[in-house]
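So that we are looking at the same thing, I have put the structure below in structure tokens.
Labels run A, B, C and D following the written order; every chain starts at residue 1.
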Amino acid sequence: MIMRELCFIGGDKRQIRVINNMAKFCPHIKIYGFDKAEEELSENVTLCDSLREAIENAEAVILPLPYTKGREMINAPFSAEEIHTGDVLRNMNEGQLLLLGKADEGINAIASLCKIKSIDYLEREELAILNAIPTAEGAIEIAMRETPYALSLSQCLILGNGKIGKVLSKMLSGLGAKVTVCVRKYKDKAYCKSMGIDSIFFSELGDRIGEYDVIFNTAPALVIGYRMLQKIRKESLIIDLASKPGGVDFETAEQMGKKVIWALSLPGEVAPETAGDFISETLINIMEEMGAV
Amino acid sequence: MIMRELCFIGGDKRQIRVINNMAKFCPHIKIYGFDKAEEELSENVTLCDSLREAIENAEAVILPLPYTKGREMINAPFSAEEIHTGDVLRNMNEGQLLLLGKADEGINAIASLCKIKSIDYLEREELAILNAIPTAEGAIEIAMRETPYALSLSQCLILGNGKIGKVLSKMLSGLGAKVTVCVRKYKDKAYCKSMGIDSIFFSELGDRIGEYDVIFNTAPALVIGYRMLQKIRKESLIIDLASKPGGVDFETAEQMGKKVIWALSLPGEVAPETAGDFISETLINIMEEMGAV
Amino acid sequence: MIMRELCFIGGDKRQIRVINNMAKFCPHIKIYGFDKAEEELSENVTLCDSLREAIENAEAVILPLPYTKGREMINAPFSAEEIHTGDVLRNMNEGQLLLLGKADEGINAIASLCKIKSIDYLEREELAILNAIPTAEGAIEIAMRETPYALSLSQCLILGNGKIGKVLSKMLSGLGAKVTVCVRKYKDKAYCKSMGIDSIFFSELGDRIGEYDVIFNTAPALVIGYRMLQKIRKESLIIDLASKPGGVDFETAEQMGKKVIWALSLPGEVAPETAGDFISETLINIMEEMGAV
Amino acid sequence: MIMRELCFIGGDKRQIRVINNMAKFCPHIKIYGFDKAEEELSENVTLCDSLREAIENAEAVILPLPYTKGREMINAPFSAEEIHTGDVLRNMNEGQLLLLGKADEGINAIASLCKIKSIDYLEREELAILNAIPTAEGAIEIAMRETPYALSLSQCLILGNGKIGKVLSKMLSGLGAKVTVCVRKYKDKAYCKSMGIDSIFFSELGDRIGEYDVIFNTAPALVIGYRMLQKIRKESLIIDLASKPGGVDFETAEQMGKKVIWALSLPGEVAPETAGDFISETLINIMEEMGAV
């Protein structure tokens, strides 16, 4: 048993998967904000009519990833009504744990004021690594779909050797593609060599970027600006996986007629079940570490 | 130099790629049936107004893959008018070579009558192997798109260890998926072992087919009938790559609510440029073997 | 049950493994020629004092791989005395099956005369493919041992894309090495491309052979003669896996100070247990096909 | 140009490679302690008769990896006489840089006293990652040599997912082996999943360790003690890659008849040239970062 009673408020398809996964271990699950998804939920999950009822006896209250869609409202696409973040916290008491994805200063401040312990599960390194899997796969799907040539025979460039870069270089070379990773640090160059993958330094990028058919950016910085865009071949495809503000000067790219796709939030998009499994796995890890299991 | 003068009649995007590729080596290329694709063609290619003009001086007349769309008409989607196969042959003379894709008894008989030497380039083994690359890649793209889970983490089954099966098992395991190949012969089991891929015999299929998330059929026989369908999990995806009549009892599958996708002619669909490159490569091989180079 | 009674005459460590494997399925196993290996044999195996006793009631008589060491004697390193091939056949009767490895015209002629059905299990394609696994692995072990640089970072060339070439290219690139396969046929070039492996034609070999650190020959022909040797770098290692007379001009290579290793019979050498498992697997396949199972 | 003048004191084959590599970039290289290796050194390297002469004008003094063999003597197998560490430092002046491998508190204290800036190049992360390549390869070579079965078909267990664990799991699965990595942290489990490699937690080790043919330890802790040894199969091979005191209870293992190989310092052993290349590459990186290039 994980925890005796859990409360879930809001979330998309992924969160429904999370709820159904947790329902296998946890005897009491109460949820709020899923009016439109009733038939997809496990039988032993209780849909509540009020936040109070859902939250009251829970050991932990779990918000989705990302927890908000802005304007202080919970991200709850399956809810008939809007759910105010403040209302959730107001219904919680000091002993309860708040688990949420992509916390910001605002919610952290309120939680702290209310003396509620909150944990951002997106900051767990295992989740970041796991999410790199569907992200990389989603990027590959896009590259396959958007090019008139076989990805497995093409020259691919990956900017960055972080979590996504590592998985992407592994998968692409596993498919048969010729992969080069563009790195900034000596240790990343060493890592690539140890994995049998070619690499170049960012300082060489200008001279080399014209060689590639598909360019995947994972670096969270404006790497592909005017000068790089000029050197990228017309037939090449650029897939930007960096979160806002992104790594490509999109406006200039469009003016120059370069093909750019900005692919955000791929895990929930291309593999909601897998993404949900990863979140529930991470929640269980957090609870295990807290000694709840 | 390959041949001094070539004539291309009809074809889709792939054939345009073929023509442009050949135009780099061959000084005189005359084509017919590409009225609607003028701007995509290389400058040194001559669009002819009549079959006679196009064929007259060519050393070889090249028809597309497949050469016909039925009813004795050339497969010529970019042509304003229909082109009759018989008209093509009637304009050829004995010394000319006819190269075409997916020849049938009908055209072979006429060619023989007209004393025209014809070669079906689709029967070249290198082309069949090369085409397995975009076919496998296309199947992977479909599997990624049509499932709510990450393909790279799923259990995949491939029925058959032929050209497509071999490439597909290599690519899928390169992505990270757990792959099992279902084989009929001892030597295919040995091949899989040598490539580090698990395999089972067709005799074990009934007991095992329920274990897989994605099932790819490459075997040209009705392998997945009523009894197999019953055992396949509801969430599983079946992708049939076998040409007509296919390897799945589609009607029954639909009645049972199983998810099946019949994916035909993938190379031209998902990677027309690569598919075109393979055809031109094969044409050059044929000419080389004939001593034309 | 495979067969009711089997007789094994002669063989090395591999054959002991074969005997012990078969003893798990077959109730009566009688052997001859293993005096010096008694303690390595399963309990339910009967060591016989005479050929007659061993052969008498067996359904099949099984000779090792290779069955002879020359001069008409059975290859029986664990036997105190020499065993004459003729004596084995003389003790067999028409109903018995003779299974042996690497049959030659001589023994086939005698067997035919004696009206004994004989099968060379080395000619089974599954065994040839399976044996390619320890052969490739043995070649890799040699290359690792004999070079002062990391194989996984080196440029490797494989001459030939047959059974051994295919496994070797897969393993070496899996290790991280840069692999090029030298082929003769278009279809082999296509196969390499489909596996993500670079390839060149034999016609290009002279221009390219100087680029490689380790050169593996699998082609059964004198590929590396004087002119090739001249172009191979001094630090390069040549490993010849071709059976006699081999693919390298060894004498000239020695005079030129080139490093060549002629590695024969690797499966029995580097992985006798695995090699034995493959033989017993093949014997079972043969019996299955004969309906004995 | 890297630095104008460098001084090398002591070292094995690897250091000779380092010296020869650096001689391609650096105009003045003076060395001491290589009397017995004269013919292996580049022409433009100056062998000095005294420490003073060698050190005098150098911008950096470079000691080998490891810099000492104990008892305050430089590790200098090619030197006719012993070289005292103190003598080296005494001949240096404040402006000079000391680069050495595997520094200890002793030498750091003296260097600090003498106001000499010293850098331990073994602590550079890129070198640690690069060294994992020949280490993993050496471990594979040992496993191939010491087992009577094919490594590429065996069940392998790797204890630890650090630098060596990562490369080893990649290479072994690239060879075709079934690989499981034993990890302690959630993020390492996630990494393995992202690379398509199976993993277990250390808490499961006791129940699972009996399943594996080859067990590689990379964890710097006594992981394989009496209780684990009891569960390891007799035919299994244990290869310990952890530095002293190692991860296996060797004495008990021997008493129990388990096969253990303690493989230390593999890079210098199995691939001295590659190991030398990595050291020189790292030295250049250090100099580049210091602005010397």
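Some notes on this structure:
One rule holds in what follows: a contact is a pair of C-beta atoms (placed from the backbone, for glycine too) under 8 Å apart; a residue touches a chain by one contact, two chains touch by 3 or more.
Owing to the predicted nature of the structure, the values given are computational and were not obtained by experimental measurement.
Remark: among chain pairs B-D and A-D, A-D carries the greater number of C-beta contacts.
With centres defined by CA atoms alone, the chain at the far end from chain C is A.
Per-chain CA centroids place chain A at a distance of 37 Å from chain D. The mean-CA centres of chain B and chain D are about 51 angstrom from one another, to the nearest whole unit. Annotation for chain C: residues touching 2 or more other chains are 133, 152-153, 170, 173-176, 193-196.
Note for the complex: chain D touches chain B at residues 152-153, 173, 175-177, 193-196.
By the touch rule above, chain A contacts chain D in their complex via residues 124-127, 129-130, 132-133, 163, 166-167, 170, 174, 185-187, 189-191, 193-196, 282, 285. Interface residues of chain D, counted against chain C in their complex, comprise 13, 133-134, 136-138, 140-141, 144-145, 147-153, 170-171, 173-176, 270-274.
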